[in-house]
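Both of the next two complexes hold chain A, though its partner changes from chain B to chain C.
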Partner chain A sequence: MEILQYSVRKLIAGIPLVLGVTFISFLLMVYFGPDKTYELLGKNPTPEQIEEVRRELGYDQPFLTRYALYVQEIATLNFGSSESSGELVSSLLARTIPVSIALITPGFVLGNLLGVLFALIAAYHRGSWADKFIMGASAVGMSISFLIAIIAFQIIFSSNFGLGLFPVRGWNVHSFGDYLSYVTVPTLATVFVALGYNTRFYRAVIVEEMTRDHVRTAKAFGTPPARLFYKNILKNSMIPIITRVVFSIPFVVISGSLLIESYFGIPGVGKVTFDAITSGDQPVLKAVVGLTAALFVLAQLLTDILYRAVDPRVSLT
Partner chain B sequence: MQAPAQQCTVAIRGRPGRSFVVIALAVACLVGCDGRDSSTPEATTASDIKVFRYSMGGAPTSLDPVQTRSVYANFVVVNAFDTLYSYKYLARPYRLKPNLATELPEISEDKLTYTIRLKPGVHFIDDPAFPDGIGREVTAADFVYSIKRHFDPAMRPQGAWLWQGRIAGLNEWKAAGSDYAEAAEGLQALDRYTVQIRLTRPYPQLVYTLAMGYSALVPREAVESYGREFAIRPVGSGPFKILSFNTAKVVFARNPRFRSEPVDIWYEGYDPPTQSFTGVERIDGRAPPFLDRLEIDFIPEGSARWSSFTKGDEIQYAGLPDEQVDLVLESKDPVTLKDEYARKYHMRTGLEAGFVFTSFNMMFEEFGYNPDSRRERRNRLLRCAVRKGFDWSQRNESFYMGIARVFPGVIPPAVPEFNADMSDDSIRYDPEGARQLLAEGGWTPENLPVLIYGTVSSVKSRLFYEQFRAWMKIIGYPPEKIVLKRYATFGDITRAWSRSELPFNGKGWLLDFPDAENTLQLFYGPNGSPGSNDANYSNPEYDALYERASVMLPSPERTAIYRRMNQILIDDCITISGMSRVQIMLWHKNIIAMPDSSIVGGFFLRYVDVDTGDPGQAETLE
Partner chain C sequence: MSDGSEILLSIRDLRVEFATEQGVVRAVDGVSFDVHAGETVGLVGESGCGKTVTGLSILRLVPCPPGRIAAGQIEFRGQDLLQLDTRQMRDIRGSRISMIFQEPMTALNPVFTIGNQMVDVLRDHEKMTRRQARTAAIEMLDKVGIPDPAVRIDEYPHQLSGGMRQRVMIAMALSCGPELLIADEPTTALDVTTQAQVLDQIVSLQEEFQMAVILITHDLGVVAEVCSRAIVMYCGSVVENGSIEPLFEQPRHPYTAGLLNSIPRIRDDRLGKLPVIEGMVPDLLQLPAGCRFADRCGRAGAICIESRPQLNDGAGGQTAVACFNPIDVQQ
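Showing the complex of A and B:
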């Protein structure tokens, strides 16, 4: 009951946040975003034809009228059709978000699990060669651009110049075997780059926790290392870990990964979002921004609830 | 359409706690399964069906014929829809031929009335938009409806410029509210299979426009049934029907009801000395399409495209990326492949039907027209000096593998009116001559005007700018006076061109049809901004010649007029032009095809066949 009440309060409190984010985003879209008019016009347009297209796009309406319409669209979850393809925005997102989730989830899960694992090893062996090796490898992973990692992994694992074990590109998934074959290389590239950031972050959190009094006391009482790490260190490190993981979820769901999707030819929401930004496809952008803001509110709520779950001292009031 | 869950099969055993990662992967697979393809029998990837995987450097956003402004959209659309005319598969120079029409149009004596008969018995693909889901026969009324759509603002059309003011009554039909129940005076279906087009003045290029994706025939039922989603759910009568379409690829299956029309390769323009290596003799006498499945991958990234092409079991056609030139080519003149690549791939070079050029915007008093006639004369000298300082040869070497074709003026080699004997003065790099012209005009580093160089934000555009600035420095134009102005998207810079906001416009133009009128109209006065004459050039002599030639059928006299117009542009130093790029096309040896990405465009895909036997057998074809 306490959680339910808290959730309702938190969701209501999130409404101004959603309105604020959408207002600022819409302001940027309208005044600084690309003008779709000239992409929709044919060659040799007349001034009348330019006006017709602007009218069709709603550009002739005052800003506040357009924003009010946007709020109405968020409330009804009806964002109309894409200005580029004519496809209903809801269908477009329903078609592409699952693909992006399927694409990013393995890398996201493995990147975080392995990050915690390596961070524990590095923290436990702090100052030793293992710690230095893991931190060095993390720095290498962080230093290599995602784009280079993608191209290198594609050449090494997929192309005929390398091992040629996986498809270079595509998303023709009809079975779990297909899925593994298409998702492996993108996942390796994602993990390679994300692991460095995750490991360094989690190591810092764990090292800080290891220096706390209760850990020293537990050590003095002879707590076995595994139990010490699981119960006294990892559990108490969960607050920042949860924060990092949960707040990444909206990006995983909505943004996908533009580079991965482009280079591997995967029809996910990342590419759709990028195309909408560069072409000024406002219905799609409005939906993506609105959905991202709403997901952040939910992520915030979920984070608070999980805080409570891992730390009884946290109160949901 | 969501994937049926049973398409993804995964066995999960053991304790749930241990299976967390497996479950996460399985769930991810379930939500990401591509159910649309798998639900259709055509999606089978069995080796007994013929599949061709083509690739393009960009993706169309809409497959509605009224929105085929981009070359990518036009390329795809002509495979799903029918046009009245198309181009002969193998003939170069390009030649029109009937497609859905029975023959070339009957043209009245006054050249104002075109009568075209459609082939009977042609059907649209089966689709739920039709009663009982069975595609009905294509009729003349469909053509009338399809052209009228370009004059209906609700359709967001892009092709009206081809026919506005030329086909009688269409402008009036639009002004009266675009009511499809009302007739347009100059566009009539005389009977079920006969179309009559009446023009306001002779328009020799009309037949070319009827081979463009814009003029493809669509069924009204489907447009009304799907509304704006018709752009992603095309219903046509072309050789293929679309199974799926997204930002990464479009997948077609053979249209089983496509009319049977055996290929006569000699009629198509077969030239054995230059084309026999492709194996196209093997399609002679057989009715296309020959593919069971056609996939077009949209791959802007050169490295991914090349890796996929060389993989062997993925895309089977690709343009050669610039960065692979030294690795793959034995020589550039003539273009030949190294042995290891020649053994695996067919290759041909294709000169683009278009060109790149940079024009001065004459509305800017600093460079163009000026109330002060003396200043106007000095401006001309300034423009000519900048042109002389432009090093086409270096531009070609730096960015186009050194194999592009530089030519004087705006009539490119792809059109029959091209003059190979024209003086190359206007494209010769001559920094000393440029300095002399600046001195003659009284231009000094102090009084030269600031030149705003507008471009889309990209690395390559930046390099173009830096190279240009370096050339200008050589002729004495201070680098700080060549100012870069970047635009985030192509739409943004198009807006700047249309609003006449830039003094110096660098762009590419791809021909809509093989007729020099299509490039000469870029400098026709009445086409000034927001029209395609963003140089805002206005010369009464040029305009009069354009108007005279625009109603003439192809003839030596018209060619002479075109060439005179070309010379006027060169003499006035309006534009720094031009260069037609050359694409090196590669395809796997088991593919029987003569690819063309220019005028024939997507029409060639219906003639593509796959040698399903031993790959070594295909090599022996040569």
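Showing the complex of A and C:
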């Protein structure tokens, strides 16, 4: 009950956030984004033709009217059709979002799990060679550009110069085997890039918890190491961990991984967004921006509820 | 007094070192003392003198790194704790030797109920079902004077006051019937009335449980009130060790005497300027070769600068003292 009331309040409080984000984004889209008019017209259009296309695109309306229409579209979740392909935006997203999720989830999960694992090893052996090696390696990993990592992994795993084990590009998935063959190299690249930062972040969190008084108390009472880790260290580190993980979800779901999708030629939502930005496909952009903002509000709500679940000192009021 | 009773804990020549940026610091340097079964010993000294580190060493809780128990023996009922493997050490912690800490606000795990934490401790050391452990925990909470223990047991640490939390710590520490309780400044963080109550609680429970207590404190008043013996530490070593009466009435080490002199006495006719011990504690990184108190001591001679005095036996009802030129006992 408490959670329900809190959710309703939080969702209502999220409306101004969504409005603010969409207003600014729409402003940029309209005044600084590409104009689709001439792309749709042939050579040497007459003023009447230009007029007509602009009316069809809605460009002739005043800004605030267009923004009000946008808000209405968000409220009804009906964004019309893409101006590039004519496909319904809803079906476009329904087709591409699952691809992005399927593409990014393994890397996201592995990147975080391995990050926690390495962070634990480093934190438990603070100052030892293992700690120094892990921290050094993660600094190196963080310093290598994502682009270089992608290309390097493509050469190593997918090309004839390397192992040639996996397809370089595309997403022709009909079975789990196909899925694995297409997802492996992008996953490796994502994990490689995320791991350094994750490890350093989690190590800092874990080290901080390990030096707390209650950990010493637990040791003084003969708590076995596994429970010391679970009950004293992990449970108390959950707040920063939850914050980090949940707040990355909107990016993962909507924006997808723009670089990954364009370099591996994967038709996910990141690629669709990228194409829409370059071509000025406003209906698609409007949908992606609006959904990202809404997902952020939901993520915020989810983090608060999870905080409550892991820490009794947090109250949802 | 516990003369003649069996020796429970015997620390010999304990040396604890910390690696710092500037070099290795010996926080505890050659500390030796015994604790008899059932007695209350005060471990006294100013901040940084090594009393807490000594207490932590007994349970091998010195944070490592940077700390390290470099040398010595800590024999508990004839068994050297420093030779045990981690598993054996875990069985002793919280069961035969317990420790309570200075900071009741942060010493308990904030995300579990106190009942949950107490049940864990009981079930780690005793063969008990969850239900039995819970009953035992409620009983212990009742013993330390927590009202409504059956309700309070399901509360989280943040729902209790500082005094309550320290009582919970005491209840947890005593739940497995330890032979030795190390209390590291258990009342320092509490307000004065609560301090007295918590101390009384420790004293009465000590009688009930027949355990020895090492009370680590900088408060000589507390020591005089509850301890039968006091061990005075200065700069990482023991300077005086003896029963309360001779130690407080006729201290032999100039440092002990200085400490006792600097306690304010409210009943004095007028509150004059409080006597202080002149000078500063030496830097642990640059310790003098001789007596560590020499440059603050009015009685220091040439020998005090050259070599370190060892703790003597303290025969004949006198306190044991580490001083070449101790204050004479007036007959």
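Following the convention adopted for this analysis, the second predicted complex is superposed on the first by the 314 of 317 C-alpha atoms of A that agree within 3 Å, B and C clash if a C-alpha of one lies under 4 Å from a C-alpha of the other, contacts with A are read in each partner's own complex, and residues count from 1 in each chain.
Just so we're on the same page, a contact is a pair of C-beta atoms (placed from the backbone, for glycine too) under 8 Å apart; a residue touches a chain by one contact, two chains touch by 3 or more.
Computed from a prediction, not measured in an experiment: that's the story for all the values here.
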| item | value |
| --- | --- |
| Partner chain in contact with A:T303 - chain B first, chain C second, else both or neither | neither |
| Touching partner for A:D311 - first (chain B), second (chain C), both, neither | second |
| Contacts of A:N232 with chain B and chain C, given as first, second, both or neither | second |
| Touched chain A residues, chain B compared with chain C | B |
| Touched partner set for A:T199, first chain B, second chain C, both or neither | neither |
| First, second, both or neither for A:N112, with chain B first and chain C second | neither |
| Which superposed partner A:T22 touches (first chain B, second chain C, both, neither) | neither |
| Chain A contact footprint on chain B (complex, rising order) | 2, 7-10, 21, 24-34, 37-38, 45, 61-62, 64, 67, 69, 153-154, 156-161, 164, 227-232, 246-249, 297-301, 303-304, 307-308, 310-312, 314, 488-492, 494-495, 498, 512, 521, 527, 530-532 |
| Residues of chain A that touch chain B when the two form their complex | 34-47, 49-50, 52-53, 55-56, 81, 84-88, 91, 94-96, 98-103, 105-106, 109-110, 113, 151, 154-155, 158-161, 164, 167-176, 179-180, 183, 261-267, 271-272, 275, 278-280 |
| Of all residues in chain A, those that touch chain C in their complex | 126-127, 211-214, 216-224, 227, 231-232, 235-236, 310-313 |
| Residue ranges of chain C in contact with chain A within the complex | 59, 61, 63, 65, 89-95, 98-99, 101, 103, 106-113, 120-121, 124-125, 156, 158, 169, 172-173 |
